[in-house]
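In what comes next, chain A is part of two complexes: it sits with chain B in the first one and with chain C in the second one.
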Partner chain A sequence: MSSVESSAQSRWLRGIRRTVTGLHPVSESLLAAVVGLLVGAVLMYIYGFDPWRAYVGLIKGAFGGSYELASTISRATPLVLTALTFSICLRAGMFNIGAEGQMYMGGIASVLVAYFVLPRGLHQIVGLLFAAFAGAAWSLVPAFLKLTRGVHEVISTIMFNWIARWLALYLAIFVVVDPRRPEKTLSIPISARFPVLVRGTDLSYAVFVSVAFALAMYFLLWHTAIGYEVRAAGLNPSAARYGGIRSKRTMLLSFVLGGVAAGLAGASIVMGLPPTYAIYGGGGLPQLMNLGFDGMAVAMVGRNHPIGILVAAVFFGGLNAGGRVMQFYGANPVPLEMVRVVMGAIVLTMSVPELIRLFPMIRRRGEDLFGILRRARRTERRESA
Partner chain B sequence: MSLNDILSLLRISLHAMVPLALTAVGEIVGETAGLFNIGLEGILLLSAFGGALAAPHGGPVVGLLVGMGTGAVVSLVFAVINTYWKGTQMVTGIGINLFAMGFVAFGLIQLGAPGFHDVPKAFELTKLRTPMGLMSPMIGIALVLPFVLYWFLRRTRAGLMLKAAGEMPEAADVAGINIHRIRLVAAVFGGVLAGLGGAYMSIAWLGVVTKDLSAGRGFISLACVVFSGLNPLLALLGAFIFGFFQALAEWVKTLPSKPIPGEIVSMLPYLITLLVVSGAIGRVRFPKALGTPYKRE
Partner chain C sequence: MSDQSAPSRNGFFLRAERITKVYSDGTVALKEASLELRPNEIVGLLGENGAGKTTLTKILSGLLPPTKGRVVSPKGAVRFGSPREALDFGIGMVHQHFALVGTFTAVENVALSHERPFRRIRIEETRRKLERLIEESGLRVPLGVPVEKLAVGEQQRVEILKVLSRDVDLLILDEPTSVLTPLEVDELFAFLRRLRDQGKSIILITHKLKEVGSITDRVVVLRRGEMVGDVKTSEASVEQLARLMVGQEIEKEADAVELKTDEIPRAASRREIDRSGDGVLHVENLVVKGNTGETAVDGVTFDVYAGEIFGVAGVEGNGQTELVESLAGLRVPVSGAATINGENILGLDPRQIYRLGVAHIPEDRWELGLVLPFTLAENAILGVHRWEEFRGPLGLMRWGRIGQHVRRLMERFDIQATGPNAPAKSLSGGNQQKLIVGRELAKDPAVIIAAQPTRGLDVGAAHYIRQTLVEMRDRGRAILLVSADLDEVLAHADRVAIMYAGRFVEVCPPDDLDRQRIGMLMGGAAGRETE
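Showing the complex of A and B:
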């Protein structure tokens, strides 16, 4: 009787433990976010700010009302796409750091629709296609360099980021420039803009593009054969090759998909961010700068899963949107750059695998001790029997 | 192009070579032991900032030392995560880079001048008068160090231990080498050299800190490492080539006739890096355990 009871109890315990283990990824992301915010708070304290008031301002600015929420989601829109760039390639076993450059190329390419006159709807689609094509083309070169010459993709994509940055600046200043206002590129015509979703904010219909792309990637990676091949090649390349998966094909596919995502991110800014609908060449592409790098932080916190990325992007979009408010909140002007410090600390924390198990070292030690005791008792019992 | 032009071009390329050479040589030590640190970019930026802050409080040498200390601390974080805690090296590096980008931009704003911070001329490392013009003494260090490390990596017991930790940590562990500790020391040494390179940029060369001062140099030195196949002498050659093209780009930009727009010229070092790396690779071989955390069975 007692054994039945204890087995029922242990089943309960096992169930709870399994649920907790299943939630480990989520709790690790939460823990990393907390650690990042704490690092930010310490730095703010050192520099003589009030971290508490700064974070209150940040949260109010990010989630305090419908206007703030809309601007948070608007900041999250491109981050979802650049995060997907990083995580699709990571799922395939590669580090594509090139979202930044691919996004510049996509943004510049989508400006080209200003030279066409097309009906509404078709015009947006053409712009998205241009951006997707430019992003994919820009990411295919590192992929081919890796395939044919064995160049590590981290180095080639980073070099391509810098080349893309200067190329985009050159194109924005000399080629697709607005002849009447040389500090910016041509504005996207009204028929190609994404309409504003919430009046008075900068949240536009572009958000649906990024959500749809994230859901499509989820379907592709987890519910199709080709997605399975991509993930298998990432988990264990030699086993995948042994199982008949053509790793070159999955590699190219993941880079193309990543490039498309990054290109769309550029387009979502150029075609969907009021009020300018253009890129400013002066000041070094301020609207696009660093979206690709921030995307990597989003991808890490979203555990490289499209659904997780959607959640994480809202968190980071909130940091960016709230950071703007934090700068002016309550005579405590913490610069916006603090947000990127927090992001860096979060990514650093996320790079530790099984974070949850690492922190309570004491617990593990305790479990070890418990295991030894139990084993000792079992041998004792066996000996007595 | 007169002789004077050639000399000044050579001088600028030697100056531009120093941070690349120091960082690349340090990274070679780290990679020999099996740690692949793509956070070098962030270390360069942080140590340039730290050195520039420290220089007015004790002179240029203190600034360089603080830069080295900054590099040591950051790479210690990197090394602990990636040895004892078995982290993902790429992700740690990305985190360091993000953190550095944010922290230096934040710190520069706190100093009052958003965007850049000048190091007073009085606290810059004095340049030596040579027949070629004013040269920083750091060039000498950058030229000698690769030879010392070449000897160290190939001819000493400690160098071979590093190699064993990178090639086959299991065997090295059985032979009584503490893999985690040796990797940690190697990575911190690499961080110290990168920190020296970063502090050199702000204190001894450019005399200014901006939020994009490192401008991809950390990654270019990684490309140097790839090009060299972990040979410090070849890395020095690579650093000189990349330094030369950076100098060339700067030189073309200052030409009064402006034959090519500056934006196009600025791409040159990165394009050359890509070309050289894609041409050089194939014959180089890297440590077998590079980039993978060591777990005892």
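Showing the complex of A and C:
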């Protein structure tokens, strides 16, 4: 099957492959974002919308002014934290898909501050601690299952997401419910709220929690011995063991930190999202829904690096914030769901380098198949002759 | 280079014409290299690490496309998109790093290599074919055991059998002898000669001049990607080849001797060692189980004293790996005792053992010794990252100091790299190993456990690492040297243990052994009747 001289086409394919696989991580993320937007544009065009106007609306809605920018950053706030959940665990060699559930538990736990009175400042810290503790506790269960019984963390964290979801819904509707307004939980008392940062927007001081945590994680992973151990164990567990690193400990630590991040994400919504500062049970926790999963997309685009995640979260927050505007824009407005299409296309594009690596294999398989068919036909002909 | 000498267009099997290979990072691995392969011939491809030997063969076997130049068969130019296309053409390569499915048996692995979509896999037929091949080739392997449970040497034999079972016309072997016993090498060579006489064409990649002399018909020497020699083995002198390979006049006499005879100069300790009482490393009746639950180390007792190198020779897979791993804290032994300066080390984790003054140069530098995506600096502190020198208050890493430390290591151990922040995977094998050796010796250890410290390294790097070990020995360290390279052990050890089937079948100074007896001991033939 040795092809005599290479065809121009295969050289072309090889060229594309080299370009895409050799891309720098940052340009890869940028490329994915552009491709995602292009895919969205093509779909809009097919369905009779004007992509240009829609994107102008989206960009204006996301970054067009201080109000828009504040909404964007406000939407990025929880995404940074849930993305960190995924990334910290991935750096330690674990797939923590449980940010969603851990975030629910953190959100519910932070509502508990409504039951007691504390001075301003301390009250907020206690709320964050509650949320962090609840998120960490929720993520430790899969971690222990993995350590003691070998349960794969992907399975257990996904199942724990569902347990958390219904548990949180139950608690929101029946336990920490606001007796006067049964569709929502108790509101966070004023002394525990994160004040609004930009007047008239829903951007609160919670964003500083998120940024501070991301910077802390960067510092921890790249500038401390513990972080060094976490990364070593994630990249090569046997070399880490040889280096005297106890990978069980790094694994537990990564799950604790991940759980803390997710818990704080929940708290940032409950304690830092005006106007109600509460979780709505009605409609199935709409404020929290999917933030954990979106965080994974953010982590991917942010290349699992805390600083990259900050940038990627602003991009995704912008898509969410701008998408709302896009659907009011012009005579033929584009539905909000198109934003999710763009996000999906971005995530798909991010995995394309892997896909392109498969290309030559698929081609070879095809050629093999043709070869067999040709040979079979030849023998048939010979036999009939 | 030998185009003109080709008798006719049909006189060759394959010809590489002016091949240039530039890797995507800009490294020029080959410059206008030409090579003609004829039937009935064994060609030795000689060169130091990084000379381009592997690149050239990878191009011939379809793993890499050439940047410039072409590969020609008597029927015209050929280009292989994949190793499978090359195999179909009749070119098979046995790599240094094996491509085997660990959970499959030898038979299943070979059957898999024959697999085609929508065809049945014929296990029984493959088994019969393999049994016949083993009979013919003398490459013995257990057929019914998952290959991950086989020793490295056995895995290599499976790999060779896999390629042979495809009835190839050109067989490329990348340093095949490094994991074989002298007897197995003889068997392999005899088999290769038979293959040659059947009209096959064989390429043997090596940097051992001894092998070149004993089996090849023609030698092609590569240096830094350029073809610097293409001579008949019978017409070449060893000195000439050595000079071609290294590319310069050999500086030191010792190096010259080493290159010429391929014998490593004896480096015995000058001092008398006090061997009374327990050694720095004391091991008693150690029993360790292997991965399959079999008894890999079966009651081994020995002492390593300060100022000596205690060598463990033997065919791989006779318990050396398990012995080293249990002493380094990577494997929990079944029974026995082991102490360092009187303190128990069995059952401790690696960190606790290092604290007692142990350095471990591991057998597998990619899997154990290095975190490949990490930088040089990050790798240089693996295992010592919690030392105060590198870790400040609050557990903060002192990257500045670590960088200085790495620069010192790079200078002292002659590690070629762009800097402390270069990723470890960008280094050549020799430099990676020097990095590991440097890191381990920087611990200022009392005991050094070195497992296969020079495997796969070029002459220069291997020489350097051996020299370093000898130096440490002369400074009063206790060194346990485990190596499948018999010459290395014999030349450097003050006492040698021959390991077979988990036991030491002989422990004595190397001068008391002759090669024939060693060969028999390593093969288990001599048993323990001497005791």
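Rule of thumb we're sticking to: the second predicted complex is superposed on the first by the 328 of 385 C-alpha atoms of A that agree within 3 Å, B and C clash if a C-alpha of one lies under 4 Å from a C-alpha of the other, contacts with A are read in each partner's own complex, and residues count from 1 in each chain.
Keep in mind that, in the parts below, a residue touches a chain if its C-beta (ideal position, glycine included) is under 8 Å from a C-beta of that chain, and two chains touch if they have at least 3 such contacts.
Source: prediction; values computed, not measured.
Visitor: Just to be sure I read the superposition right, which of the two partners does A:Arg378 touch: chain B = first, chain C = second, or both, or neither?
Guide: neither
Visitor: Which partner chains sit in contact with A:Arg120 here, chain B, chain C, both or neither? Use first/second/both/neither.
Guide: Neither: A:Arg120 stays clear of chain B and chain C.
Visitor: Check whether chain B or chain C contacts more residues of chain A in the superposed model.
Guide: B
Visitor: Check whether A:Arg249 is in contact with chain B, with chain C, with both or with neither, and answer first, second, both or neither.
Guide: After superposition on chain A, A:Arg249 lies in contact with neither partner.
Visitor: Would you check which partner chain A:Phe174 touches, where first means chain B only, second means chain C only, and both and neither mean what they say?
Guide: first
Visitor: Pick one for A:Leu145: touches chain B only (first), chain C only (second), both, or neither.
Guide: Touch partner of A:Leu145: chain B, not chain C.
Visitor: Do chain B and chain C touch any of the same residues on chain A, and if so, which?
Guide: none
Visitor: In the complex of these two chains, what residues of chain A are touching chain B?
Guide: Listed in rising order, the residues are 43, 47, 95, 97, 145, 149-152, 154-156, 158-163, 166-167, 169-170, 173-174, 290, 293-294, 296-297, 300, 335, 337-353, 358.
Visitor: Show me the residue ranges of chain B that touch chain A in the complex, using the header's touch definition.
Guide: Going through chain B, the ones touching chain A are 38, 42, 77, 81-82, 85-92, 94-103, 105-106, 109-110, 215-216, 219, 222-223, 226, 261, 263-264, 266-267, 270-271, 273-274, 277-279, 281-282.
Visitor: Using the touch rule from the top, collect the residues of chain A that touch chain C in their complex.
Guide: For chain A paired with chain C, touching residues are 1-6, 10, 14, 18, 22, 222-226, 228-229, 231-232, 235-236, 238-246, 360, 364-365, 368-369, 372.
Visitor: Would you tell me which residues of chain C are touching chain A in their complex?
Guide: 24, 65, 76-82, 84-86, 88-89, 116-119, 328, 330, 349-352, 354, 360, 362, 367-374, 378, 381-383, 385-386, 391, 394-397, 399
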